[in-house]
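First chain A sits with chain B, and in the next complex the same chain sits with chain C.
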Partner chain A sequence: MSTSAKAAPRPAGGPTPANMHIRFASQTVAKPYFVAAIGLFVGQVIFGLIMGLQYVIGDFLFPEIPFNVARMVHTNLLIVWLLFGFMGAGYYLIPEESERELHSPLLAKITFWVFLVAGALTIVGYLAVPYATLAKITGNDLLPTMGREFLEQPTITKIGIVLVALSFLFNLSMTVLKGRKTSISLVMMLGLWGLAIFFLFSFYNPHNLVLDKYFWWWVVHLWVEGVWELIMGAMLAFVLVKVTGVDREIIEKWLYVIIAMTLITGIIGTGHHYFWIGTPGYWQVWGSVFSALEPIPFFMMTLFAFNMVNKRRREHPNKAAVLWALGTGVMAFLGAGVWGFLHTLAPVNYLTHGTQITASHGHMAFYGAYAMVVMTMISYTMPLMRGREANSNGAQVVEMWAFWLMTIAMVFITLFLTGAGILQVWMQRMGEQPLGFMATQDKIAFFYWLREAAGVVFFAGLLLYIVSFFVGKREAARG
Partner chain B sequence: MSASFTKSTARNIFYGGAVFFFLLFLALTVDTVQTLPKRDNRANLTEQVARGKKLWEVNNCIGCHTLLGEGAYFAPELGNVYQRRGPEFIKAWIKAQPTGAPGRRQMPNFHLNDAELDDLVAFLKYASEIDTNKWPPNIEG
Partner chain C sequence: MPRSRHVPGDLAMWLFILAELAVFALFFALYGVHRARQPALFAQGQASLRLGSALVNTLLLIAGSAAVAASVRAFAANQLARGAHLLGWTWLSGAVFLLLKGEEFAHLFAAGVSLSSDDFWMFYLSLTVFHFLHVVLGMVIIVAVWLRARRGAYGAANHVGVETAAAYWHMVDLVWVVLFALVYVAR
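Moving on to the complex of A and B:
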């Protein structure tokens, strides 16, 4: 994947001490992280399109790329590009908040290449050899951690991820400790440390399937419905401070209330994964009640974004960044909040668990919350790192078209998968004579075709997004 | 938000709430772990089952199938496949892959020997006897 990362936008000129739009030269180490993130995002969507086609043309690219390989690449690229995005955001945001240069820009650059090469080798490994062979040659026998959803990485890659995270956290923590401590930087650091700490549960893989699944969720759920929301909140708050000029005290108060609700609802909300995996029945009560409250912090995030933009004290020339900030507020609430609530109550989940309903929720939640907040950050910071307050009007128009294409396409992907899921539940799990899994899949193929079409539109939006980085270089707005 | 509700109040709610609910989560986890021996079928968790689980993992079965509803949604639920199909059918099916039927979803051949097939089936049998609060709703998974 390093080639696609290299093919992604490369700004003219680059950062110089003369760049008056960034406060600290070391903030520009974020740029390669964002470029890599976008490159890996392209790879993720290409493999998504392959899988979408395999849903309807079952033998497409078989045996070269079996579905399980494509899915592993699709989900792992998602995780890695979001991590690149969070890291880039951290390297940009923490020096600015701390009012000092990054502790070690060199370490940040080395970490970038280590992470990119390790990630690329892992993806090549997935594609080049059978998974069992990859497990053997990477020494999975010594410490078996592979072959669990989202945690498919070879154990040595997992160790590499921990080392990269430690280097990153050391660098940022030193910066924060020596500099100004703000609520935004504190929340960002709490989220990032939490991300690293909960990842350690990926090394725990007992023979007992129930225990395995129970603590697997300590990585997956406590990431995306826990500490990642702290990172998201901090990133959104940072951009809103910049583009609205609203008093930091007000924005940070909102941030604390939102993340308080996130953890108050989301930690026990883990219980919505403990309904049917061998865990005690009381989780159906705890999980239903608390996860039904999980939309609250997401709704507050929507209110937060709109309120701050309404109360803005300045007209920031970067309209695209403001659009992404509002968009992530809305789409995170819809995808994570509404589509999560749709199937989170135990009596409903009894019927929907492990169907396309889950897939529909996963798509809009990840896009709305995490993909979009990373693009918010990229949209705000990239022009600054390229030496201007905002991109030219022409470039912003293209970027906003990309925003709408991707966002609307994702709404349709979600709706088509929801339709497929409802029919799947109806045919396979309800009624007197339930159909088998494959018979059901054949009957709902129409919806998978529609999903694939929406996926193509999404891909077009993503390509347009990349084009926007190359539009109107010469006539950049000075604001 | 009103001016009397200050940032430090909000911060205290955050720290207090996070700590309280994480401790509550730990308490529920301790209780769950203590209750599990009655539910998780550990009496039948043999060496063979452990070997089967490892085969399940290193062939990335979760990349297409679900197990107790978790995984990919491309291929059938296998938490109850032992009851749905029985051990002999499962082994014959795995050996016969891929079907090569045009346009149909294809499962790779993983070149498992007879002993490995028995290990995998033992794992699926063990998994099927976990107390899942009566999930899935019917035998089709």
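Moving on to the complex of A and C:
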């Protein structure tokens, strides 16, 4: 199925790109996607900071930005910027793996603007009018899909997302079909098709609340603990092939084992969301058993990244990209694997369900697995698309500072939320005389202040990350 | 012949096997915990199982294991036709296992047994259905290796594919033996 890692010749007869550091000119359509991803990431973190403050100053920015709106914007921006990142990664990775130009660069550019405008309008809608009004304006009555966590988008936006995904998948699939098929490109396409197909369940909105939640998880869980892991594995493998020069066959074998483990544990692992929503009791056993093993593929990704870097056959000048790749391996395992396992067993989850323990896991898992893998891809590809093999040393130093600031800040955000969560469980659910929800929240406010402080450090790291794109241009040009 | 110290088959398959064993181990452990809590319920459930067909099934899988092990030895000795032939016997043992097990499931489902009947039946069905699916996968792997063998892909120097299939089949067999002892026999 796969071909070896021999350096393929440039496409015969095709135009040689002006930029000698990329193989195919059409790969540069990824650039605006990555720029948009970073921009939306900034927005996400700003709303995170607003919300973090609302935890301790309840009426901060009220009534302009109520907590529920800030939360919706925070989580929706996260999903949208990651999707921009995945799409950018797809547009860059697939032509290179397929050894041919993208089927239609123009379509990719049109898709970008459609997605960006639709996304921006949706966020403006969230902020400008009350949610119920937004539902009315956008005709939610005709096909009700709104009002569910993470899937708050108006139906018309959801239809837009499907059209964007179809255009994206058509473009990439045509490229793969006409070109070389590698394990990396096939796993990437499987993940991206899965992402689009499972999103269709966001249109299914049964009246029965049990069924509603049951299928809601088919989008949410089967994305982040299923098909997104395939996308992540493919992106990580792609970057590792490039920066380590390790034989492609070895990397592909790892990729296959990782995705097999992901699917074995992750699909039935959906059951760890079915403990208390009204589904049959056997889900407590199934969900516990299979999801208890979900850390395995993440641990294998850590081993994978470190092994490949240790066996490297070349010293790639882009040290920052290597750091991001290793960081992804470690942080994904900690955030998704360890912090997920912490509360995945039914008897534990009985006490921790919906507490700050969940929030701590959510933060480190999304950052460690998906935010970091997108930044790994950006770190590797952006210099190439800007006409150099790697950024200047100065720019890389700034980027690595940004890496450490963001990563350490995220570790502290996670630890503070975990502390808050443990206390919350103890006071609200385990004590002799359990406190009410709000009384508990008041008592753990100290942890929320610490979390906010860590959030400010994270934001500083993110700003530094952006600065790194503008550092040492002259040095790079000389290099 | 000196004893070989290399791990037979593909390392990736061994990782896969370890993960599969971990899933079953967790299930067996939970089965043990629930059985200790509800001994009467589990004893009643176990008493209604048909030991005879389960014993035949155990012998079938072990016979399949013997055949696939003999097949590996045949390929190692460059007896290619014999090796492929023995793979056929392994596949057949799996097919008869599925027929017998399928008949048992049909009988139980007709009697109204389901995952929600009680804890015993929940564990019984979870364990046996997951194992059933593993036999199916084992048979798919055997067919894939058999087809490759027919195209002349294996020989004395290279039969890692056959070893890999054999390792998987042994795992399926091993899990069944534990399952048979724990769920059917242990009182």
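In this text, the second predicted complex is superposed on the first by the 460 of 479 C-alpha atoms of A that agree within 3 Å, B and C clash if a C-alpha of one lies under 4 Å from a C-alpha of the other, contacts with A are read in each partner's own complex, and residues count from 1 in each chain.
As a working rule, a contact is a pair of C-beta atoms (placed from the backbone, for glycine too) under 8 Å apart; a residue touches a chain by one contact, two chains touch by 3 or more.
Since the structure is predicted, the reported quantities are computational estimates derived from the model, not experimental observations.
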Just chain B (first), just chain C (second), both, or neither: which does A:292 touch? second
Counting residues of chain A touched by each of chain B and chain C, the higher count belongs to B
Going by the contact rule set out at the top, does A:280 touch chain B (first), chain C (second), both, or neither? both
Contact-wise, after the overlay, does A:235 reach chain B, chain C, both or neither (first, second, both, neither)? neither
Touching A:260 in the superposition: chain B (first), chain C (second), both, neither? both
Once the two structures are superposed, pull the chain A residues common to the chain B and chain C interfaces. 253, 256-257, 260, 264, 280-281, 286
In their shared complex, chain A is touched by residues of chain C numbered 12, 15-16, 19-20, 22-23, 26-27, 30, 115-116, 122-123, 126
Help me check something: in the complex, which residues belonging to chain A touch chain C? 253, 256-257, 260-261, 264-265, 280-282, 285-286, 288-290, 292-293, 296, 300
As the complex stands, chain A meets chain B at residues 51, 54-55, 57-59, 62-63, 66-69, 71-72, 130-132, 135-136, 140, 144, 146-149, 152, 183, 205, 207-211, 213-214, 249-250, 252-254, 256-257, 259-260, 263-264, 267-268, 270-271, 274-281, 283-284, 286, 350-351, 353-356, 358-359, 428-430, 434-438, 441
Chain B residues touching chain A - in the complex, by the definition given at the top: 1, 5-7, 10-11, 13-14, 17-18, 21-22, 24-25, 28-29, 31-33, 35-36, 39-42, 45, 49-50, 53-54, 56-64, 66-77, 98, 100-108, 110, 126-127, 130-133, 135-138, 140-141
